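Both complexes shown next keep chain A, but they swap its partner, so chain B is in the first and chain C is in the second.
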Partner chain A sequence: MKISANHPLAIGCIIIFFIALFVIFGPLFTSYSQHSQNLAISLSSPSIQHPLGTDYYGRDVLTRLIYGGRISLGIAVFSAIIAVLIGTVLGLFTGYYGGFPDLIIMRFVDVMLAFPRLFIVLLIIGLGGSSIPALIWVIALFSWMEIARIVRSEVMSLKNRTYVKSARAQGFSVNRILFRHILPNTINPVIVATVLSISTIILVESGLSFLGLGVQPPNASWGSILNDAKIDPLGTWWLSVPAGFLILFSVIGFNLIADGITEELDPRKN
Partner chain B sequence: MIPFLKNSLIRGIIRRLLSTILTLWVGITICFFIIRLAPGDPTTRFLTPTQSTQTRDILRTRFGLDQPLPNQYFHWLARVGLHLDFGYSFLSGKSCASIMTSALKPTAFLTGTALIIALLLGISTGALAAINTGRLTDRILRSIMMVFLSVPAFWLGLIFIGFFSIKLGWLPSAQIRSLYYDQLSPLKQWLDTGKHLILPVLTLGLPLSANIYKYFRAEMINTLQSDFILAARARGINKSRIIWQYGLKNSLLPVISLIGIVIPALLSGALIIEVLFALPGIGRTMVTAVFSRDYPLIMAGVSLSFLVVVSCNLLADIVCLVIDPRAQNNSGKII
Partner chain C sequence: MEQKDKNRPILSVSNLTIDYAFYRVGPFSAQHHAAVENVSFKVYPGDCFAIVGESGCGKTSILNAILGFVRPKNGAIFYNEQNLLTMARREFRLYRPEIQPVFQDFHNALNPRFRIIEILKESLRICSRKDISIEELIAVVGLGTDILNYFPHQLSGGQKQRIVIARALIPKPQLLLLDEPVSSLDITVAVQIIKLLKNLRKKENLTFLLVSHNLPIIRLLANRIAIMKNGHIFEEKPTEDLFETPEHPYTRALVNQALISCQSYQ
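Our next item is the complex of A and B:
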């Protein structure tokens, strides 16, 4: 497997690498605090002191993009991990056991998939109050369904293979068969699904924060910075363009990685 | 043979219908309890600090909030199930059904047009890319669509507003009609609404078209590689006829079920776009209702959107069943 020959994967990794560098090491290059206000320089355009200008409260936009990025990406990654854990475990057990629990859980998956996701997440966050852990959990609880479906169908095709039968014949416990024999063979589609969920969750979170229901002030996320740009999107381009591009490129990056992995795993390619 | 087919078709449809009703009921029930168990009290909105708790109790009784939750649930379910009565909005006192009916029109217009545009654009570019796999056209389309697939719709909308409304002044950035709408002739009224919807429809439709493109491209490549295409080519049938008549036609069927799948995403997208463009649709009504904890209105909106999603899924399933005889095997289970 030569990664260099796989353009989407390579480009995706490079994009995510640079965005990760930006949010991790960014604070080393800015002397401002993300919360410190200075109303005298409210909405000033980019200058040497403030390379990406300031927002309504005179806060440095570059600094807020860095810290906001940590929050946006952090929420996306943690939500995706939780969603994958829930989806994988449910998929493993329903696929392996089948029968009545499988029927109930899969019907439940159908119900969950019929929810317009942003709608329902907005409902819960709007009524229950917004905080970063709440966002992570609520988004995760509405993102595990596809993964459960994928894992379940993989398990259903794997459970009758000879190696699983032989493991069963040797008297291994169900947990051991599921987690040591079946799970490793379902890992590829799970990785692709995880990467894809990260990118969709970035979009969900930025949408919520844009509506004012996601990350709450004084904290920033890329979506809430865009909310500030609502009044004059091009007039205050230093608020709208960099935050928008950061969201766009993170999502493109993760989508490319997912595409690249899929391409890499495609049996037709070899 | 034919009675058997018909029989299995009808059985399939009845199965779908029953499971759809079940899905609808479970989904709405989950929503009801999520909404009611969330912290917060709708009556606080009506109270000033000087008012006594008695006023609050009166309000609670009037809204029926003093009853135990299960009672409220069954009461609500019976009223909705038997009389289709969604009650009255806490905030405005108007009937939820009338609020929803007037909000439905802009949303239906917005999502319907966006879906049509997304389908046209997605299928045509998808087909074009599939015919030219690996060539320059394919690669260019792939890059453009990757951007549309990844762009946050509301940001696209913001940039559109900044460019077309504020900078160029060509198109309105908010509301669904102009202030002088009533003085216009019917034709001009249509044009006026149309003008207001161009930006929202594009904002909603372009990202969606990328999804359809991606799906359709894969589907069409798959079809073009199948045996019957090879057989048609071996028989010396004209290449363009193979592509358009055989390839395209056979790849279109899965798009029907895709429509069923994208409807929830479409509604989610409409919500944020209605807020951005200040359109008086379901999404914006819901956001306002959530902020003021207007339980009856929230439930009416939730039920309506759920109903739309599950009926679209049902419709897609039935169309597939009717068109594709293969799907009727195994007592109507889609294979």
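Our next item is the complex of A and C:
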């Protein structure tokens, strides 16, 4: 695989690599704790001690961006993984067996898709409280539908391919046919949908936190740091701009990776 | 498994009717289209029985019914005097390896994500054959070991079809269902595949049920031919009889057409 020839994948990987480095190894380079307050230096602009300034409580913004990134990206990745697992399994079985269960599950998918996701998630979080595991599950349970649809439609076309028929004629078990012969051939759109859903989930989580219903203080996420800046976004640009750029670049990075993977996974590509 | 009795049909299809439902407006106005109506024929061990007819006449539906992919509306399919349609799923799975298909569409017959060696290994494992190596297997269909590491899309049509035939031989089938096995190959390759099939039939003691629209090709392989049109079989004869004394006007037209193109094959 020549990654250098695949510009979207290369650029996307580089962006996500640096964001991951920042989030994972960042704490080694900052001497502040994400929660330690110092009201004397509240809202001070960037300086040598505080490269990205401080927030209302005098907490170091750079440190909070690092720890907030762990939460933002963690929620996005785990929600996407759960959503993909649910969507893939449901898509595989409904697509392969068809019939009445397929009809019921797909109408359920239609109902789920008909709800505006952000508002229903808002409602549930508002009623049930917003711990981080709750956020992961609620976002995941409202994100699997597209993946189930993609997998189902792929399976419906693949199950009539002659290699699947030959496998059935040779007595392969249904599970073997589904997971070894059909699933790998649906994996292109699944991977692309996964990576794309990571970036949309980053936005959903940021949106929730920006509205104050996501990650709760004193914890930070990129969205909640943006939320801190909303009283005076231009005056306290060191709060809004870096968090905004991190969200922007993660979304761009994951989208580019999805683009690149589509190109790379084509088996006809030499 | 069973002694091959020349007089006992290995496959006997009787009064088979296959019906496809399709929908016009909603789920309540199902329209039915009979693809196959009241078809009966018998295939004896060692035979190459051919069903000839134009596209859409129901030939492939018969094969799909024998393979259990389509549920017929009426009729019975006896394989070695066991009705495949009434037996339990579990029992049917025991018979499955004995009836193997070779489809027309060889481009989709091999999983595009697997190398040839993986495709064959997979079948060898599922069919638990340990008495034959992959090298021996592909030698049977006249291929060299160099292609084993290729992906299906890197092979030519003829090579793919040979691999498909090799794979079909893995479960030690008694009956091979050939659905237009050479119709998407050019003539020279088609003739090679036909020769290969002929040799295999002798060597492996196979019975063929062949389905095609191409009478000249069938003449090279089959010893009994049934002519099918619009879901009915209306003439069934040994190959040479059919070519000498075709009865039905449709058969006569087909034979005349075939005789013209036969000269080009020879």
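Operating definition for what follows: the second predicted complex is superposed on the first by the 261 of 270 C-alpha atoms of A that agree within 3 Å, B and C clash if a C-alpha of one lies under 4 Å from a C-alpha of the other, contacts with A are read in each partner's own complex, and residues count from 1 in each chain.
The definition used in the following text is that a contact is a pair of C-beta atoms (placed from the backbone, for glycine too) under 8 Å apart; a residue touches a chain by one contact, two chains touch by 3 or more.
For clarity, every value in this text was computed on a predicted model and none was experimentally measured.
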{"item": "Partner chain(s) touched by A:R107 [first = chain B, second = chain C, both, neither]", "value": "first"}
{"item": "Which of chain B and chain C A:N185 touches, first, second, both or neither", "value": "second"}
{"item": "Partner chain(s) touched by A:H35 [first = chain B, second = chain C, both, neither]", "value": "neither"}
{"item": "Which superposed partner A:R117 touches (first chain B, second chain C, both, neither)", "value": "first"}
{"item": "Touching residues (chain side chain B, partner chain A) in the complex", "value": "19, 22-23, 26-27, 30-31, 34-35, 38-40, 146-147, 149-155, 158-159, 161-163, 166-167, 264-265, 267-269, 271-272, 275-276, 283, 286-287, 290-291, 293, 298, 302, 305-306, 309-310, 313"}
{"item": "Residue numbers on chain A that touch chain C, as the complex places them", "value": "161-163, 165-166, 168-172, 176, 180-181, 184-185, 267-268"}
{"item": "List of chain A residues in touch with chain B within their complex", "value": "107-108, 110-111, 113-120, 122-124, 126-129, 199, 203, 206-207, 210-211, 223, 226, 229-230, 232-235, 237, 240, 244, 247-248, 251-252, 255-256"}
{"item": "List of chain C residues in touch with chain A within their complex", "value": "67-69, 93, 96-97, 99-101, 103, 105-106, 108-113, 122-123, 126-127, 151, 153, 164, 167-168, 170-171"}
